[in-house]
Amino acid sequence: MKLLKRLLKDKLAAASLAVVAATLLIGLFAPLFAPHPPNEANMELRFAGASWSYWLGNDHLGRCILSRLIYGIRPSVLWVLAALGAAACFGAALGFVAGYFRGRIDAILMRVCDVMLSFPGYVMTLAIVGMLGAGLANILLAFVVMKWAWFARVIRTAVMQYADADYVKFAKVLGMGHFGIMRRHIAPAALSEIAVIASSAFGSMILQISGLSFLGLGIEAPHAEWGMMMNEARSVMFTRPELMLAPGLAIIAVVSAVNFLSDALQKALDPKLAVSGKRTSVFAGGMMRGLRKKEAA
Amino acid sequence: MGLYVLKRVGALAPLLVVISFLTFILNGLSPMDPAEVVLHAQGVPSITEELIAATRAELGMDRPLLARYWDWLLASIQLDFGDSYITGKPVWSLLGPALMNTLKLTIVSSLFIIALSIVLGVLCALREGRWLDLSVRGVSFLLTSMPAYWLAALMVWYFAVKLDLLPTSGMDSANSYVLPVAVIVIGYAGIYFRVVRSSMLSNLNEDYVLYGRACGIPERRLTMHVLRNSLQVAVSVFGLAIPIILGSTVVVENIFAWPGLGTLTVTSILGRDFPIIQAYVLVLAVAFVLFNTGSDVLNAAMNPRLRKEL
Amino acid sequence: MGRNKIVVLLAFVLAIAMLAGCSGNKGNGGSAGTEAEVRELVYATAKDINDMNPHLYPGSMPAQGIIYESLVENTPEGIKPLLAESWDISEDGKSYTFHLRKDVKFHDGEPFNAEAVKQNIDAVQRNGSKHAWIKLSTKLAEVSAVDEFTVKLTLTETYYPTLLELSMTRPYVFISPKDFLNGETKDGVTGYHGTGPYRLEEHVTEQYASFEANEDYWGGAPAVKKLTAKVLPAGETTLLALQKGEVNFVFTDDRGTDSIDVDAMQRLADTGDYRIVRSEPMNTKMIVANSSQTASPVSEKAVREAIWQSIDRETISRTIFGGTETPADALFSSNVNYADVGLEKREYDPEAAAKLLEEAGWTTASGAEIRSKDGRQLTMKLYYDVNSSSQKTQAELLQSEVLKIGMKLDLVGEESSAIAGRRSSGDYDLLFNQTWGLAYDPQSTITAFASDNAYLHTTSGIPRAEELYAKIEQVMVSTDEETRKGLYKDILTIVHEEAVFIPLTNGSVTIVAPSDLVGISFKQTQFELPFERMSFQ
């Protein structure tokens, strides 16, 4: 909660948080917000302009663009978040194990991480989609497969750092079990690291999934997804440019909010960063985060 | 130093083996029986179970996995990735030229990204918190949040259609580079600019700068020192940037009909041309690993402190 | 030391900035220059022209059509001479004697003569398994050169579409024997020298191919001296390229796909720079149902009929095609030979479709959106060509229509080559396709019902499949017109009743060309265009 307070002090961060939270809520309760069923086709309204009952107009099948935009939050943002969560849990678990027990487990896990990290993200995603076929599920699977190694790496480092901390050593001496130590001492400290990596990967993943949908490799019809909406608008891009506008702006708004939030989170968690800390490790971490952020796009 | 290089290169071999093996078994994920695919590609009119079995034997599919992997690896090293299912041409005859075209795009873009991010990064770090810094950071932030295809559409509409300055697509002349390169540069310069900037800033706060300043060394000479030190760090980041950009030109290539790897791969995925996908994954993964090691070694050569750490 | 590095760095940055400036300048010069010399046709194609070997199938048919020629030509008035000036058919219909033109040379200067014809046809026959779809290939017994310009083809039995099949774009066309690889064409050829009005000048894979006029063409040198096929993704990229004049010609490709939609074409025509030319309806666009896919609901007749009745062809014609394509109610429109057999029309009627499903045992469990039967869901996959925006729109419309009656369609967009692969391997439930066009309908399309490379999987699952195939065999060798009519009627009735070919619209070939291009006409096939007849005003 202290963290939240510190975050909210920054006005930009507060606004970003509001945008992200609102997006998530609207997506979660899409049926309440959407004025029409998102997949209801009505050829009479093909390419109709904005009207009172269809605020953003209609697409090539006469479907309500606003409703599709709202339902599009689910695959574009919510599912990405879920995949990120899965990758984070999986990676964090392995990272904990590796960092805490060290030894051979650590060595093996880190070699596996090395291999995973040596596949560039976009290439791996394309490989999985290429072999298993286009589709949202396969892309999300590819995300989990690709991203867990990042989490495992960073969590391992964090755990090793904290495992050597005096208070953890003290707890060991007191006879606390492995699980207890992890839960009480290491997990809370490492959580902030997870939050930072996750938030910085989030924006790029949103961009990536919409990019793949744009190429026709992502979500299947008739489901609404922002990249897919742009793909559909693409064929009439110059006759009806307004169709590109809504999904494009939605992506920009959400991604920049997520990125701002990620930055603010980083600063709030590590005030040293704000005054450009001296620790090279922090700096290197920041660097890698920056890199990851644009692995997509 | 020699030892370090040896160690890194030594670690490279097993990594490459594992990567190639993963790529090899990737093909097993595909839902199609390779024997059947080959028969269809040959246009055999009626495919019987016996014929499939015979073809499997002919393709060596009944042999142990490792033996097949070994053959495949040997062939791959000689750039023999088999034939495309769709066109029947050798994969490398399609992938090779596409790789060259993508490399051209990547290298030109990388040069611009590096130049732009160094210039902006240094300027912004020296004017930290002033309007130049703030505005450049703000704009770069917004631009990195933009989907590449959206930006591309916008730029095509404005520069190619409205102003009629540049071609809309293809790779016909030097002008063809302008728009795709611009889209890639805009997408990435923001990130690398931040790396340079924060590297500069952290160096500016180092003790030696304070000490130097206390000793009355002129600010300009200090700045030069800081610049040199920060760029050393940036080099390793840029080393990594090239393969990342190489792997992510997919969207841009598709929009601008650039005859490169990205276009080829997307077409292959949509045409279920598995040998091409497999070769693409292998080539890029290997390139990524090599660049990675290369930039590490380069970095270690420039910065002896790092060598001990690793 | 430090200063030196900075200087070098700054110089580097400056150099790059200047480079940027230069390329920007060139941009201005370049686009101004192209305006002056637009006397060539540059057409956009979503696919590379690929392998131009005319005896295999990966190549682009419009491109092969201008390089290679056949012995005879299919025209609205019937079969006409092309490389053969005249021909005689024996009494029993088993031997054809062709008298060749004497003034024809291949692009590499080799003479076109009886020997070349024999070598070409023999090379095709030696790769017979690939050509099974063209029945002539199974009935050709011998080719012999009678004298330098006379060739005799001997068949094993009478086969009435012989001349029709010899007129097709491939495989019975002629490439210079010098281009043969080890005396064969099946493993590739060393060059692409035909006898046609254009010769292949340059081919850069996945970028462009250029063709130059054959000045020595026996029919007179073409007026348009240069043709270029430029690879561009369909849709807005092509539209932009047309607007800017980077390409100046588009036409419906050999997969029946238009690279830009009806609205965009109209806009181009409105600018006055372009005009639209549409052919007569040439084929029927349809959804093909895989009756042999026993694991899928599509193997049931009732399900196929329900899909048929869920398609609102009027709306598709009016909205998606802007009225340019007419609704189709049967596999062949009634102006196709032998096809005017009075088949019962299945109207758009969702309620009737729902009733069909209900009667067939596909019921909706309470609360479920999708019907099921014996624990199986009423779900199928429909494959469409990713390069065709109209197919995708139709697929989405159908998807939303059938969902209302409790049927789920999963849409999968793939490259047309992958879809062709699915069609021949039978790995599909439903896919978009089209009949083969005037020159091929009905005989070739019907032969294809039984051909593994085409519609064998579509037809083999129906109860009367054996009867169907027997009738197809019969009709091709029948010499009596009335018997033929009867057999065709039976065949068309069977596939119509079984609803394996679900018609959508009657498609035509559409050309968007510069407004000063004249002499635009069409052939009897949707796969070729007579570029040699076009000229700039």
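Order as written gives the chain letters A, B and C; numbering starts at 1 within each chain.
Basically, a residue touches a chain if its C-beta (ideal position, glycine included) is under 8 Å from a C-beta of that chain, and two chains touch if they have at least 3 such contacts.
Fair warning: this is a prediction, and the values are worked out from it, not measured in the lab.
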Mutual neighbours - chains that touch subunit A and subunit C alike: B
Pair of chains joined by more contacts [C-beta pairs], A-B or B-C: A-B
Subunit A and subunit C, separation of their C-alpha mean positions in angstrom: 44
Subunit B-subunit C separation of Cα centroids, rounded to whole Å: 38
Inter-chain centre distance, subunit A versus subunit B - centres from mean C-alpha coordinates, in Å: 21
Junction residues of subunit B, two or more chains touched: 161, 254, 270
Overlap residues in subunit C, where contacts from two or more other chains coincide: 240, 243, 386, 413
Contacts with two or more other chains, residues of subunit A listed in rising order: 133-134, 216, 234, 237-238
Interface residues, subunit A side, partner subunit B - complex: 114-115, 118-124, 126-134, 203, 207, 210-211, 214-217, 227, 230, 234, 237-238, 241, 244, 248, 251-252, 255-256, 259-260, 275-278, 280, 283, 286-287, 290-291, 293-297
Of all residues in subunit A, those that touch subunit C in their complex: 39-41, 43, 46, 60-61, 133-134, 216, 220-222, 234-239
Interfacial residue positions of subunit B with respect to subunit C in the complex: 36, 40, 42-47, 85-89, 93-94, 97-98, 111-112, 115, 118-119, 156, 160-161, 164-171, 173-175, 177-178, 221, 224-225, 227-228, 231, 254-255, 257, 259, 263-264, 267, 270-273
Subunit B-touching residues of subunit C, taken from the complex the two chains share: 2-3, 5-6, 9, 12-13, 16-17, 20, 22-24, 26-28, 30-31, 50-51, 57-58, 129-130, 132, 205-207, 230-233, 237, 240-241, 243-244, 246, 386, 413-415, 417-418, 421, 424-425, 451-453
Interfacial residue positions of subunit B with respect to subunit A in the complex: 15, 18-19, 22-23, 26-27, 29-31, 141-142, 144-150, 153, 157, 161, 187-188, 190-192, 194-195, 198-199, 201-202, 204-207, 233, 237, 240-241, 243-244, 246-248, 250-251, 254, 265-266, 268-270, 274, 277-278, 280-281, 284-285, 288-289, 292
